[in-house]
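What follows is a set of structures to go through.
Each of the next two complexes has subunit A plus one more chain, namely subunit B in the first and subunit C in the second.
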Partner chain A sequence: MFKKAQNILSFRSIDLANFSLFDLLLKVVAVFLILLPVLIFIILFINSLPAISKLGFSVFTTNNWDPVSDKFGVIAPLFVTIIVGVVSTVLGLMISTPIALFLSFYSRGKISSFFSTVIDALASIPSVVLGLWAIFYVAPHIGAIETVIKALFGFIPFLNGNPSPFGLLTTILILTLMLVPIQTVLIKELITLVPRNLLEAGFSLGTTKYEIVTNLILPFIGQGIVAVVFLSLARGMEETMATAMLIGNRPLFPDSIFSPTATLTSIIANEFSEAFSKTYLSVLFELGLILFALVFVTNVCAKLILRMLYRRFR
Partner chain B sequence: MIKMKLQDVHAFFGKNEVLKSINLDVYDKAVTSIIGPSGCGKTTLLRCLNRMHELDRNASIKGRILLDNADIFKMDLYKVRRKVGMVFQRPNPFPFMSIQDNVLAGFLMSGKRLSKNQKEEICEKNLRRVALWEESKDRLRDLPTNLSGGQQQRLCIARALANDPEIILMDEPTSALDPISTSKIEELIIGLKNEIVIVIVTHNMQQAARISDFTSFMYLGNLIEYGVTEQIFKVPKEKLTEDYITGRFG
Partner chain C sequence: MRVLTDRLFQAFTMVVALSVSIILAFILFQLIKDGIGSINLNFFVETARPVGSNSGGFKQAIVGSLIIDSIAMIIIISLSVLGGLFLHVYPETLLSKILKESMSLLQGTPTIVCGICVYYMVVRSMGHFSGFAGSIALALVGIPYMVLASEQIFKMTPSLLVEAAYSLGLSKTRVIFYVILRFAKFPLLAISLLTLARIAGETAPLLFTAFGNSFLELNPGRPMAAMPLQIFIYAISPYDEWHRLAWAGALVLIIFVTVLSIILGRYRRLGE
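Presenting the complex of A and B:
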């Protein structure tokens, strides 16, 4: 590994004999690419130092967000960020997997290509537009839906809070809507990777489409689904615009899935312009640092799990 | 006795007619081979017999195919494929199932419950039928990717046999294999013909002459000649057949 790095960094192309400007350019770009995340990490860290030295671990022990008296509880938004990512990923998969299977197995020709176009169109809606639409056309109805849910399932914990148009549920629904097209496209791509000769072997045994899907397709694309899960997990956790518009911005633990709360991203987006003290601003950088670490760890986990699965398959 | 009867079968890919009015009788307890140059429709004909042809988008068939006097296009699709099994050109065992599960794939995938004894019994019986038992009995739980190409192909034949079909279609089953594996599979086919009807597509005329009882020669989507293998190879009635067999084209 070290040797590899040395190779990249040894600018042998500066040898005047066979100097190549293009070669040099590529190396500069490569080095810049490596430096970028490191520099961002350093900047985040330096800027969050005042908060770390002043507040220390207290940010992880308090459940209060009161900038005036320097009370910043980070654990609630961190928890909400993870919940929002996980729940919308799972809900998304429950919708996108059947759609992908339908598009690649149960529909032919025009219907399939028509739906694919619709999915692509859905994927290209900017999140701010989706957020705006949700504020005016989805959120007003969420209160009514939540009242019904509360009346029917109120005995289950987390389902008996006060209905609120903006909050966890609204955000999760919209994020799910955002993740579905991306996941569908990815899973559809995975299905095309299943070798045709395996499908034919399956069909030649007299199995139905459903049996082929459950016994051949799903086990075969399992690995890929893991990658899709982590990709959409990262995407769901770091989504800022739609979340900030819909979650309600109350940086406390939610008492039900209806209640307004906040994620790491929504706090940064909503509060950086009004951070009146040095500590306040520094806390926002600390939130950024935590988010960065969270997404980084997610990606590393994805790599490790994929490698593990891959080894088991060989 | 006639097992399968093709009456005026036409097959299409889109508007392209790849089989033109095929009439053919497949006899019971015999090996029937289909020979002919590349692109003559051998494989398509074979895939019509268990309705695998319909898997392709925009593929269609006209005509009648009778299996024991019942029209296969009026039968349940999945029943046809259970009665008429298939072995493909390249070995295609399921890579994520153990060797045993591969043999049992027909049962496992359709959700049939089998006791442990039944599983072992079916597995051993069919691996013995393809002479793979001795080589694989100690590693039934291993993945089939560890087997050689020839062993994988015999595993695929065992998988097809375990389904208890009445006919097995083989699409150039030895073309991806070395001579030793090829001769093992040929022995296997000769050994199986008393229990099961075999229809084999082959590129290799010597192979057709060695293992089959009946041979049909196809050219450009037409069935040129069909008869007892000896007659086809020794005294072909058609000029085209003679030219192909003597190597003047192909």
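Presenting the complex of A and C:
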């Protein structure tokens, strides 16, 4: 009997030890995972310190990218990054909202699942492949499109420039194509938030689907769309490969929407391995830090809005 | 009139949806058209050759991708399953709330930023580029998706089973091993494959970590080629021959990625 008791005791203790050990492992991993983004921020900050101390705020006031004479102005890439994000987000919304409405109201069964698969497939294309396709099948034709735009809308200042295959417009078009699937999925999700009984009440009044969409759905999900805008803005600004392949990499202020220029990501991707001086490398880390902060702020805005929405409707 | 507007609007949404499908069909068609010609035995058994020899293949990139991605997946799965378990076992605690926020922060981190951070941490301290550094950078990209998705999967364990296990006197650890993990086996496999599909096409984190290599390299401690990296290098080169190889590589990559993510479409939304 004594032996049996001992057996149980020892078994218990092993079990207890085992339990606490595994528990400890879980906690250690959790803390480690929490520290990852902090670590990324610290690394970016430490590495951009030399640039910050040497150049100070001059990076935000000069508009000149000349690594040889240590002149680095980030206004142009920062501006271009935001422009690319904003314009492709807006263009994307114009395409993705109708698709989301089509998927949730005007189609069902096989047609709906076919188009959902199309959206999924589009979302899964790696950006480097999309960039490759754009280099050979979009860029050569961009010149013609740009000439037409210039002829029609040339009186608007930003639309009047020399057409070039690689530049802002090409990048924006491809980014739009990348953002469409993300936005479609999110908007579809938002539409499911609309209370079922409101919809049914609307239909029972004899309204058409179009009236439901314009009078009920769109006002209802308006706030959610703002969140979608922020989310896809973040995606658009952080996109690297397609941008680096298509934007032309000329780190200057764009003269027009056609001209080759550079974004924060494309500068890092193209110049990081060629940075010849310590300040240069450090400036590139600083660009990373700025990008990190920019994407962080937009993501947090989106999160806050979405959280508010879910609290109200769930 | 009202019905007409409705019909017009329906037609409009359908046209938009159709035109996006047509663009996708265009992309796929041109990928196949330009890629299929260069996919032959040479593509799989030869490494890169200098321009002009009119041969050469993707062997070093395919092997490199396999090695880099499998190391990355080992890191991702081991860390994320534990992280997901933590979220499941200690829900609503301060630590798990912070963990969730930090995962969504990491999810939003630009992939190129992950790349340059790993460059500083690993490549600088090793003194040279390496496939292993590439794996770590890819792991940074994949971990947040997998953590959040695995937590959602653990949530699907029927509470009946868990309570039955506890009532038999099993310890928490045993419940985790015998009930929760066993129940989540297949969904975990599915989301691992999805994470693999997601990181297999990532190029930006590899630019300054794995760096690329024209020769077959089996040692992850040395610079390594990878499929997306090789496609990028060939795509921006000025040679037709390399362009053809880039198309072929893109075709192989996209077949892998798209097939995986369409098959597992049911699990796609998890972790986003």
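Please note the rule applied: the second predicted complex is superposed on the first by the 282 of 314 C-alpha atoms of A that agree within 3 Å, B and C clash if a C-alpha of one lies under 4 Å from a C-alpha of the other, contacts with A are read in each partner's own complex, and residues count from 1 in each chain.
Convention: a contact is a pair of C-beta atoms (placed from the backbone, for glycine too) under 8 Å apart; a residue touches a chain by one contact, two chains touch by 3 or more.
Please read these numbers as outputs of a predicted model, since none were measured by experiment.
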{"item": "Combined model on subunit A where subunit B meets subunit C, clash or fit", "value": "fit"}
{"item": "First, second, both or neither for A:T208, with subunit B first and subunit C second", "value": "both"}
{"item": "Contacts of A:M241 with subunit B and subunit C, given as first, second, both or neither", "value": "second"}
{"item": "Partner chain in contact with A:D120 - subunit B first, subunit C second, else both or neither", "value": "second"}
{"item": "Comparison of subunit B and subunit C by subunit A residues contacted", "value": "C"}
{"item": "Which of subunit B and subunit C A:L198 touches, first, second, both or neither", "value": "first"}
{"item": "Which of subunit B and subunit C A:L216 touches, first, second, both or neither", "value": "first"}
{"item": "Touched partner set for A:P254, first subunit B, second subunit C, both or neither", "value": "neither"}
{"item": "Partner chain in contact with A:G288 - subunit B first, subunit C second, else both or neither", "value": "second"}
{"item": "Which superposed partner A:G167 touches (first subunit B, second subunit C, both, neither)", "value": "neither"}
{"item": "Superposed arrangement (fit on chain A Cα atoms) - minimum subunit B/subunit C Cα distance in Å", "value": "9"}
{"item": "Touching both subunit B and subunit C, residues of subunit A", "value": "208, 211"}
{"item": "Subunit C to subunit A touching residues, read off their complex", "value": "2-3, 5-6, 9-10, 12-14, 16-17, 20-21, 23-24, 26-27, 30-31, 34, 79, 82-83, 85-87, 89-90, 95-96, 98-99, 102-106, 108-114, 116-117, 119-121, 140, 143, 147, 171-174, 176, 197, 200-204, 207-208, 228, 231-232, 235-236, 243, 246-247, 250, 253-254, 257-258, 261-262, 265, 268-269"}
{"item": "Residues of subunit B defined as touching subunit A within the complex", "value": "50, 52, 55, 57, 78-82, 85-86, 88, 90, 92-96, 105-106, 108-111, 145, 156, 159-160, 163"}
{"item": "Touching residues on subunit A, where the partner in the complex is subunit C", "value": "15-16, 18-19, 22-23, 25-27, 29-34, 36-40, 43-44, 47, 95, 98-99, 101-103, 106-107, 115, 117-133, 135-137, 177, 180, 185, 208-211, 213, 234, 237-238, 240-241, 245, 265, 268-269, 272-273, 284-285, 288, 291-292, 295-296, 299, 303"}
{"item": "Complex interface listing, subunit A residues touching subunit B", "value": "108-109, 195, 197-198, 200-208, 211-212, 215-216, 219-220, 313-314"}
